[in-house]
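You will see chain A twice below: alongside chain B first, and alongside chain C after that.
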Partner chain A sequence: MSAMAYIAVSFLVVPLIIIIINNLISRKAAGKVSLYMACACAVIQMASSVTDFFLLSAKHLHEYKFTLLWNMEEAGAEHFGVTSLSLVILFCIGFVSLISVLIAFKTIEHKKISYVNLLMTLILGMNGMVIVTDLFSLYVFLEIVGISSFVLIAMFQSETGLEGAFKYLVMSALASIFILTGLSFIFMYTGSLQYSQIGDILSVKDGSQQTLIYAAVILLISGFAVKTGSVPFHSWLPDAHQSADTAVSVLLSGIVIKVAGIYSFIVLTNLFSGVPAINLTLAIMGIVSIVTGALLALRQTHFKRIVAYSSVSQMGYILLGISTGSTLGLVGAVAHIFNHATFKSTLFANAAALHEQTGTLDINEMGGLQKKMPVTGFSNIAAFLSTAGIPPFAGFWSKLLIIMALWKNSMQVYAGIALFSSILTAAYFLRMQKKVFFGKVPAKYAELKEIGGSIKFAEIMLTIVIIGAGVCFPLALMYLKGRGIL
Partner chain B sequence: METVIYICLGLMLIFGVMAVMLHSMTKSAIALAAASAALGIIMYEMGAVWTALIEISVCSGLVTVIFISAISLSNMDKKELEKVYEDKKRMSLLPVILIVSGVVLVIAAISAGVSLPEANQTVNTSGDLREILWNNRQADIWGQIIIMITGSAAVVVLFRERD
Partner chain C sequence: MLDQISSFLNSGTNLILFMIILPAVFGAAAGLFGKKYVTRLILAVLSATVNLLFAVSLLQSEGFCVTVPFASHGLDIAFNVYGFSSMFLTFTAAGFLLVSLYSVVFLRDKSYAGLFMLYLNISIAMINGALLSDNLGVMLFFWEGLLCTLFGILLINNRENPKAAVKALVLSGTADLLLMLGIIITAYQAGTPYISQMQKLPVSGVSGIGFVCMMFGAVGKAGSLPFHSWIPVAADDAPTPFLAAFPGMLEKFLGIYLAVRIVTDIYDLQPGSGMSIAVMTLGTLTIIIGVAMALIQKDMKRLLAYHAISQVGYMVLGIGTALPVGIIGGLFHMLNHVAYKSCLFMTAGSIEKQTGTTDLRKIGGLAKLMPATAACFIVSGLAIAGVPPFNGFFSKELIFDAALESNVVFYIGALLGAFLTAVSFLKMGRAAFAGELKLPQDRKNVRETSFGMLLPMCVLAVLCILFGVANTLPLDGLLSPALGYTESYSGWPHSAVLVIISVIVLALAVCDHIYGCRKSGSAINAADHIHYAPVLKNVYDAAEKQWFDPYSWIIHVVNAYSALCTYIERGVSWFYDVAAVNAVKGAGNLLHRISNGSLARYLVAAVAGVGCIVIIFLAVLL
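== the complex of A and B ==
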């Protein structure tokens, strides 16, 4: 077995081992070490995905297929596969999980063991979604992501948490029905749900049952749109993000909606590239999400709700990138997935810091906190400038690629609206920045101090990543050009 | 054959409603197992023999055992649970409405002679169970294992007071 195989297998095996250890050792010991084990798991995942990415690149392979535990050496028996794209997503999963654990050190006092158990099942679900090579297996792992997310939102049993979790559960169940019915139609038509076979079968079939495929695609798009939180299926997202503990909100916004929704859309567009209606639908959904999310964010007064609506808006940009169907658009979308993971993690780390220090997240109750919490204030500025796509921050480059891809695909109107919406993004974040960090400090916060410990560490690390990624982005583009991808 | 399927569909609805509406977690888990068993019969009748066996053994059997084990680990006070369901009188008509709707739908389907859709003829269902489970659907086996772990963790964390 090659080094690549061991690394690829670790994406499923390491979180499982953490769950087993977490539950086998005494509760007292588990309470002390469980968060550290989760940290280790996230770091191993990041290191594994980076190593596999460069191994794949060095061997000039597009995809590495593998199997687990049995028939490992048997060619043709593989059920999992990693590509450069999936490895970037796997890195993002590890990265956001690490930030979530760093926040959890401060925000989660009780139920640490359960949090780690569920975080590991969530990571397993997301990793599984990214590495499977079959639509039904994708659905199975999607369900794991849905169940884990629901319990993570509800586990602290606050009234708002339970309400948010219930909304998520209902919408998630609805999405599952859509997706499963869509898969049934595809299976009825093609007799297979393997990625490698669907395209081949569709190309040789006559067009007598095209309606079935269109119905399947509509159902799948609706189901994945619920998971992404795109307009008009976004109603669950702000409630779930607001009501969950911040360590959970960062997971939902930072990675869950991307893997459960966006990654599924990427798979869908690859498999059904012959159905042009998919790209048009994604483009319309994307542009509506960008504008609606930004306009709704302008009206919010709760820090986490602003960030949640911002996620709705930013998912729109990623959908627009995918909708172009071009390599440039896809690279832009994947870059924006990474950038969104970094700046949303920063904003949620800031939310955790503000909540820990002030006890509220209502922006009308805050003011002048830049003087009291300079690290949080600065990281917030870096995150919002990156979200708005201001150069040289990382968000600028990914948005630029998406807009260039739209322009090249004769979608100038979409490009224009996307560009204009960056002003809206800047507007709602400037309003938030002004209300929270600028102006006079309220008397009740006169003795307020900067957050310390793991959240401060996360804020500093994320700010460095946002600025560093922006500065180094041209190098990444040159690397892609050198490999012939761009 | 179709009559059995329609009756099982009705039973699935009834047990499904019971699983959601019952106040006892244990009874709810058993109702879920019964709904799953009815689904297993439908699958068997439609020719998916191995899937039916897995549905009955894993979903209806093993998962129920795990659920009940996890429920026994939880320590939510029964009186406290009753308080949560104080509004049960307001909702008392809902299961009746759903069950009656289910029965009406079953009768309507049987009397109208609604035919079931035909599966794609190219689908090969003749494979050996071991081949299907361990080789063809290996990724799903992993998924099932993780779903069971997630379900157990969920029940423990939602119905236990604190770690």
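== the complex of A and C ==
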């Protein structure tokens, strides 16, 4: 096996090994080292994905295929595969997991071992979703992601956590029904669920049973939309984000909804590129999500709820990028996935810092914290400016790419609305920034101190990444141009 | 050394550049170092004398063209010296010498004297540049430069409340804008911005618009309707030497110079054509309206300011006829006007300097105390009234001649103007100088004005007589050759009828004055019977409320526009501050109320979402 193969396999094997170690050693020892092991896993994943990315581009390969223990040459055998796109997402998974662990160092006191076990399962599920090459395996890993998420949401706090998890569970059940039914329709029609074969069969067969395919696509879109949290399937998302521990919220918002929802949509649009209705549906859903999410965020008073609704809104942008069906739009969407991971992680790290120091996340109770917590305040500014798409922060470039792609695709109205919604984004975050960090300090916070340790480290690192990515983004574009992708 | 200087001065380019640069340098020196009166006096005399020498040497040289090498293509700074423009240069330089001397003495104790000299000298530089320019665009540059110095001078005394300065800037600025437009059209139509290369353009179609715009700009600078109304306001606010220098002299030179060039060199204005009639109408209206307003003034400076407007009308009327006799009459009248009007402004300045006021209600009988000033006033007053053999009489007769040849209406208008001019000067002269001595209460030691101020006045008064008695000198010696006319217009007017009519008009004016004095009981109110005549009273009331002032129209339009903008601005603000915010908030509240946390509702929403997707698919497929 080549170096690439070892690295590719590590995406599945490393989380598994850590789960095994975590449960083999004594509980006392595990309590001490488990978070560090999770940290190591995240770092290994980031390193692996970067290395694999450059190996892949050095070999001029579109996709690297591999298996675990079986021979993929046999008839009907499945295989895994990584592409440049999936490696970027794998990197994001590692990145957000690292932030989550850094936050967990501060916020989680009990149940560290369970947290690490579930986190590893979650990473395994997400990695699996990204590297599989057939729809049914995608569904299986989607369920793994879903179930580990429910438990992660529910396990820390008593009542509200349960409520959020329950809502997510119910909605996910609905999504599972949709997806499974859709898959069975497709299987009825094509006799296979492998990506490569579905495309071939669809292009060969004539339109005798088209209705079946359309029904399947509608069901799949609905199911994935629940997982993405786009309007009108978003209702579980704010509750789940708000009630979960911040270390879990950052995972949910930063990566789970993207891998479970957005990545599935990317697969779907690739497979059914001959169905223009998919693109229109995604575009309309995207616009509605952007506007509704932003309007609802304006109204909230809970820090994490604002950020959660902001996620709904930002997922809309990514959906718009995907809906163009062009390479430019896809690049914009993937860039926005990465940027969203950075700035949402920052905001949740700030939420964790505020919650640790003040004991609340109600923005009406806070005020003037910029003087008390300058690092948190500054990273918050960087994050929300990036979200609103203000140059030179990273979010500007990805939004620009998406809007350019929309324009080139003669979807000017969508581009206009997307552009104007940036004002709403800035509005709700400015409101939040003003209430939390500007103005007078309430008397009870007179002795407040800046957060220290891993969360401060995470905040500083993320701010550097946001600004650095923004400044260096043209380099990435030049690289893509050099490889002939753009 | 001397050889070098003389060879240096023999080069035409250097002479031309020095005409522009030297006054500016002297002005800067006066502004910087002119703390002492003596320094200012020396600088003023030196600057004006050098300027005059240069101008005379240019006048004696043969015409030549110079293109200054440092300029971008298409905007070459081209100068053209030929008889006509160097004649005007000489006029300007001579007038500058007198005015400069007068100003220095008049402003002896004033703290702003240095600043005034700076502006005056820069104005001369600008005027020299404008007179010399061959390129219309370059001329416009100098022309606008004069507007800047005008604004600056008017600001000197009134920085807190620059009413006159703003009014002058708006009105002259509008005139200059028209001129710019006219120059663009003319240069486009002629295919060249150089006057010396232009073929005479016909006054019709697009070129007609160009003619009208340029003409408005030129006569507007001279102070004609409808760009006149800043001059009376300036008479209230500005130092008196300004009045003698700018509305009395320099602006007349510049404006009339361009008007004549438009008619003779740039455009082919035919006598009797519609455009000619239009220009003559403008001139006649200016005469009558200006003098009618002058008639009712009770302040010397204001009265003279209105006459400065009125007299432009004669020049415009004469030039507008497009007949040689009219054009030469207009030019001669300009020359005469500069002599007597500057002299009149200077006498008003002398009285102001001695008594502290120019309000005719406060002074009287000054002839005994200030005999020389009174003599200058009488000479120049007779000249402006058109009494033979003073210079005003001869130029007016030439214009009457031309007006009568065009249309009798203009002649009658011009006669009416002459009548009212005579009436108003009888009133003013008798009120100020004749009768019993009357002084403002705080003034005791009123005596004859100082020599430095008297000298320019006397020179101008002598000129008034000289140009009248020996009118061959200016007419045949200067104007006819400069215009290229071979016919002689000098000597006694050839039409005895016209002379008789003019004399009758003057006699009527005297009768009217006597009647007015009898009726009202005093010389100062001698014009009241005209002022308060049944219909005229209402017209005068309206005029004093500034109903006829184009500036107040402009101001009203501007105010209305800004009010409109305020409403629009308020609407826009309301949209941003109230409507948009409330719409966003309302939408947020509505959505918030809908998502109330009920799981059943969420499930219904999800199913409805599936329905929506189905609808989208159906819409695309069907």
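As a convention for this text, the second predicted complex is superposed on the first by the 477 of 486 C-alpha atoms of A that agree within 3 Å, B and C clash if a C-alpha of one lies under 4 Å from a C-alpha of the other, contacts with A are read in each partner's own complex, and residues count from 1 in each chain.
Just so we're on the same page, contacts are C-beta pairs under 8 Å (C-beta built on N, C-alpha and C of every residue); 3 or more make two chains touch, one makes a residue touch a chain.
Only a predicted model underlies this, so the values are computations on that prediction, with no experimental measurement involved.
Student: After lining both complexes up on chain A, report clash or fit for chain B versus chain C.
Tutor: The answer is fit.
Student: Once the two complexes are overlaid, how big is the angle at chain A between chain B and chain C (Cα centres, nearest 10°)?
Tutor: In the superposed model, the angle at chain A is 150 degrees.
Student: Classify the contacts of A:171 with the two partner chains as first (chain B alone), second (chain C alone), both, or neither.
Tutor: Touch partner of A:171: chain C, not chain B.
Student: Given the touch rule stated above, what does A:44 touch, chain B (first), chain C (second), both, or neither?
Tutor: Neither: A:44 stays clear of chain B and chain C.
Student: If you stack the two complexes on chain A, which partner ends up touching A:232: first (chain B), second (chain C), both, or neither?
Tutor: The second partner, chain C, only.
Student: Looking at chain A, does chain B or chain C touch a larger number of its residues?
Tutor: B
Student: Touching A:27 in the superposition: chain B (first), chain C (second), both, neither?
Tutor: First partner only.
Student: Which of the two partners, first being chain B and second being chain C, lies in contact with A:144: first, second, both, or neither?
Tutor: The first partner, chain B, only.
Student: Taking the superposition on A as described, I'd like to know which of chain B and chain C A:281 touches: first, second, both or neither.
Tutor: Touch partner of A:281: chain C, not chain B.
Student: For A:212, is the partner it touches chain B (first), chain C (second), both, or none of the two (neither)?
Tutor: neither
Student: Contact-wise, after the overlay, does A:427 reach chain B, chain C, both or neither (first, second, both, neither)?
Tutor: In the superposition, A:427 contacts chain C only.
Student: Considering the aligned complexes, could you tell me the closest Cα pair distance between chain B and chain C in angstrom?
Tutor: 16
Student: Give me the intersection of chain A's contacts with chain B and its contacts with chain C, in residue numbers.
Tutor: Correct list for chain A: none, the interfaces share no residue.
Student: Where on chain A does chain C make contact in their complex?
Tutor: Touch list, chain A to chain C: 166-167, 170-171, 174, 178, 214, 217-219, 221-222, 225-226, 231-233, 235-236, 239, 276-277, 280-281, 284-285, 292, 295-296, 298-299, 424, 427.
Student: Going by the contact rule set out above, which residues of chain B touch chain A in the complex?
Tutor: My answer: residues 117, 119-120, 122-123, 134-135, 137-140, 142-144, 146-147, 149-151, 153-154, 156-158, 162-163.
Student: Please give the residue numbers of chain C that touch chain A in the complex, ascending.
Tutor: For chain C paired with chain A, touching residues are 584-585, 587-589, 591-592, 595, 597, 599, 601-603, 605-606, 608-610, 612-614, 616-617, 620-621.
Student: Can you list the chain A residues touching chain B in their complex?
Tutor: Its residues touching chain B are 12, 16, 19, 27, 31, 67-68, 70-71, 77, 79-80, 110-114, 117-118, 121, 124-125, 128, 132-134, 136-137, 140-141, 143-144, 147-148, 150-151, 154-155, 157, 187-191.
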